[in-house]
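Two complexes, one shared chain (chain A), two partners (chain B, chain C).
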Partner chain A sequence: MSLVKPFDKLPTLNAATILLVGTDESQQQQLAEAILKEKKTFKINIHVATSLPLPAERDHIRPRIDLIAFMINMQSKHSLRNVEASLSHMDANFFLGKVCFLITGVGRMNHCSVEMNAVRKLGNLYSSPVLFCELDSEGIRAATAQRLLRMLQICAGHMPGVSALFFSSLMKSSIDE
Partner chain B sequence: MSSYQHDLAPTITSNIVCSVDAKEELLDECEEIWRQMEECQSKLTLLGIETLPESDAQLSLLMMRVKALTAEYNQWQKRSPEIISTNLDVLVALGKEELQKVDHDLEMVLSTVQSKNKKLKEDMKREQQWLDEQQQLVDALDVTHEEMKNQVVQFSEQRALQELKSKMLKIRAYKEELLSALGEFLEEHFPLPEDESAKKKKKSPAEEPTVQLVTLHEILEHLINKLMSTPHEPYLTINDSFWPPYVELLLRYGIALRHPEDPNRIRLEAFHQ
Partner chain C sequence: MRRSGRLSLRRRQDMDTPDSGGMTPLGRKTAETGINITSTTGYSRGLTFIRTHTLFGQSPTRRIIPQTSLLQENADPQKIAFLLRKQWTLYSVTPMYKFSYGNLKEYSRLLSAFVAAEKQKGLAVEVGNDFGIKVTLSTLLGLKGTDQDQVAILVQIASRSQLPFENAEDKVVWSGWFCCISGDDLLESVPEDFTCLSLFLANGAESYTAIVGSWFQKTFDCYFSRLTISPLNLAWMAAMWTGCKVDSHMAATELVFSVPCIPQSLDISYAIHPEDAKALWDTVQKTPGEVTQEEVNLFMDCLYSHFHRHFKIHLSATRLVKVSTSIASAHCDGNIKILHSKHLIGVLTLLTELAISQIQ
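Now for the complex of A and B:
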């Protein structure tokens, strides 16, 4: 069992790593494909996990993780509980801008079993941005991929003058308004 | 595109061959930075794992954020802007690269604006066409409106009169027809008792009738005229010109009524009321 830490390894040159945590593997696959389709100037590693902690035996070959996106499906209470359980296996420093909650399935509000308030509270509790998206729609999927990519670029330190903490503070104040 | 073509920046040629010295210098700088990173990393690994407490996770997280933001702030305050490299070749190459990037971006903006312009022009044209069509429609409707107005006046004066006239003519013709038919009927079935009076004349010339008898047709006409012209006084005095059997006939079949006080006066039953 290994606790993920934001700065436990040296970064890989010209590369960034995102970790998608969620119960729905097909959605993770969809999103990963969308991210890889986007134009980018650096190498991108996408790691997927159903839950944290990550297995310890492969820790030495895993690159430094720059951004963790927790995927919560609005139609599944299980996905929310899974994410909540995973959150306790993280180094607190991650919450300084390197975590975001990706809420999927918001396009069909009448099928929601997870309350909107619950995910908002989660984002508030961990001071992390909450992104809403509908992965079934191609346009929104691409837009979400672009957003994640941009966040990843910042979190990996590829944007001079903008730190992950600074960016997440910006996001937070814009959400609170 | 063509109208802007002459404004476009000349293509920047990156034919500069970086001198070996410049490359060496850059690599050295990178090595130095990487060494610094390794130092920081070794310090970082010494830090233990921090987990959020079960209770008041939010508060401790916010405290952490404050600390981190303050540290970042101080870092920015202390930091002075640094030149990437002092080597001229490197700077020129970088500048060109940057210019090329800007050039590319601006060209993208240009083409976007142009396509937007084109679209706007098309929209404008379409809207103009639509407006023209609407205007034509309004004009056509105005013309129709004027025509309708004139027609309405004609309707109320000429046409209505004509219609009434033709109706009146028809009704009059029908009335004539009815009258003549009724007259014929009366003449055929209720003739004057000529034969008898002629016989009587021959038998007793002394008893020559002083008055010429009137036909049933004429009696009825008198009765009708009386009733119509003076409805308040519809009674007609029976005189000798009325042949008594016909008077009796009229009274018996309820066509005529006797005056309740004066038996010599009769009136027509008020069929029209």
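Now for the complex of A and C:
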């Protein structure tokens, strides 16, 4: 059982890796396919996991992970608890912009078991962007895939002059001022 | 099932205080970070008012359970008994325009004619036959949370008995009642001429509900919509009602969960001995008379982990659809059954709050 660290491996040339963590495997599969369909200029590796920590046996062949996206389904409290448990198995350096939360299932308010406060607190506590997306709809899935791809490009350092630390500006809301 | 052995409870530290108070933004606020529409005006008339849960989709972090929420003295016990132990379908109603309590007899007459006409549509019946339907509107005294609340209204459709006896009673085929308990937030912001009776409960044939609803909508320019209860609110109800003291026989607390499976969904029913449930709630609740979101979460998490230990099923991944306690039972489709008159006001206060938050 190893801690996932952002900078302990060398980056591969013109490639980036994203890790999707969540309990709903079919949704992860669909999102991964949507990401692969997008036009991109670099090679992309998508790793999926149900929870952290990742098994230590394959650690040496795993590439450096540039972005971790935690998927939380508002209709299942189990997914929230799973993500909260996984967050403790990560190196603190990851939270400098290399983590984001994908929240799905908000569209059907009558089926929500997770309260909005909990999700917002999670985003504030870990200083990471919270993206609301309805991954059941194909259009939104494609849009989310494009966003993730853009974020991945920045996190992997492919954009000169832009670093993952800039994502914290996404999270400022005017109420805080 | 009776709990055996001890369940160790991990008390979580209180998180920092959540957002509370503040001005309501005009219009909906999206939950996406960084996008905001905030109102900079002061107390303006219209739809702005201060509430603790102002943002989209948020539920309140704490709810106060009033300790002395008894029916007022002028309540008619027979009428109140009529409201209990029946399955009611919930609707939320927008404020009604120019509804007057003095014209109830007139409204009864008009509604009778309307119901008879609707029922006769498409039938070849001779003119003048009133079809044996009688509608009565009456007030339900005593169902008030605060003094500003409007008096509740009961609507009943009775079919005239066909028997020739003079004292043969009419059979009530449909009943519905409007009420609004502690709807202060809405009452303050609503202009004159509007009556706020936000909660509507109906029992009887769906066709009659539709007819009565459409008459009210046409006459008073209001809108009825089905009030559904989310799993979050059902969890609140489970926690709040388990904590209520019941003098007479306590029924088991039963929770029904729906598991989305293909092809047919699976239902899991989880029944807890009422004394165990109350004992668990008593250890979780810190301040008597106040319930917080964390306490509700902790209560439900304890129940889920107990179930998981025995059956290895994560109930937190399923959807809570029905809650039954000794006080009342509620279904997510918007059905409710209240069992005790002592807690009637408490249950109605919560339902009014849900109805008002749906109308906004």
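The criterion applied here is as follows: the second predicted complex is superposed on the first by the 167 of 177 C-alpha atoms of A that agree within 3 Å, B and C clash if a C-alpha of one lies under 4 Å from a C-alpha of the other, contacts with A are read in each partner's own complex, and residues count from 1 in each chain.
Quick note on the criterion: contacts are C-beta pairs under 8 Å (C-beta built on N, C-alpha and C of every residue); 3 or more make two chains touch, one makes a residue touch a chain.
Treat the numbers as computed from the prediction; the structure is a model and nothing was measured.
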**Report entry** chain B versus chain C as contact partner of A:95, first or second or both or neither
**Finding:** first
Query raised in the report: Taking the superposition as given, does A:130 touch the first partner, chain B, the second, chain C, both, or neither?
Result: second
Report task. Would you sort A:10 into first (chain B), second (chain C), both or neither based on which partner it touches? Result -> first
Query raised in the report: In the superposed arrangement, does A:70 touch chain B (first), chain C (second), both or neither?
Result: neither
Report task. Once the structures are superposed on A, label A:167 by its partner contacts, choosing first (chain B), second (chain C), both or neither. Result -> neither
Query - chain A residues touched by each partner, larger count belonging to chain B or chain C - result: C
Report summary line: Counting only contacts in the complex, chain C reaches chain A at residues 15, 18-19, 22, 31-34, 36, 38, 55-59, 61, 228-232, 235, 293, 300, 304, 314, 316-320, 332
Query raised in the report: Taking the complex as given, what residues does chain A use to touch chain C?
Result: 23, 75-79, 81, 106, 109-117, 120-121, 123, 129-132, 170-175
Query raised in the report: How about chain A: which of its residues touch chain B in the complex?
Result: 3, 5, 7-11, 88, 90-93, 95-96, 124-127, 163, 165-166, 169
Requested in this report: Going by the contact rule at the top, pick out the chain B residues touching chain A in the complex.
Outcome: 37-38, 41, 44-45, 49-52, 57-58, 60-62, 64-65, 68-69, 72
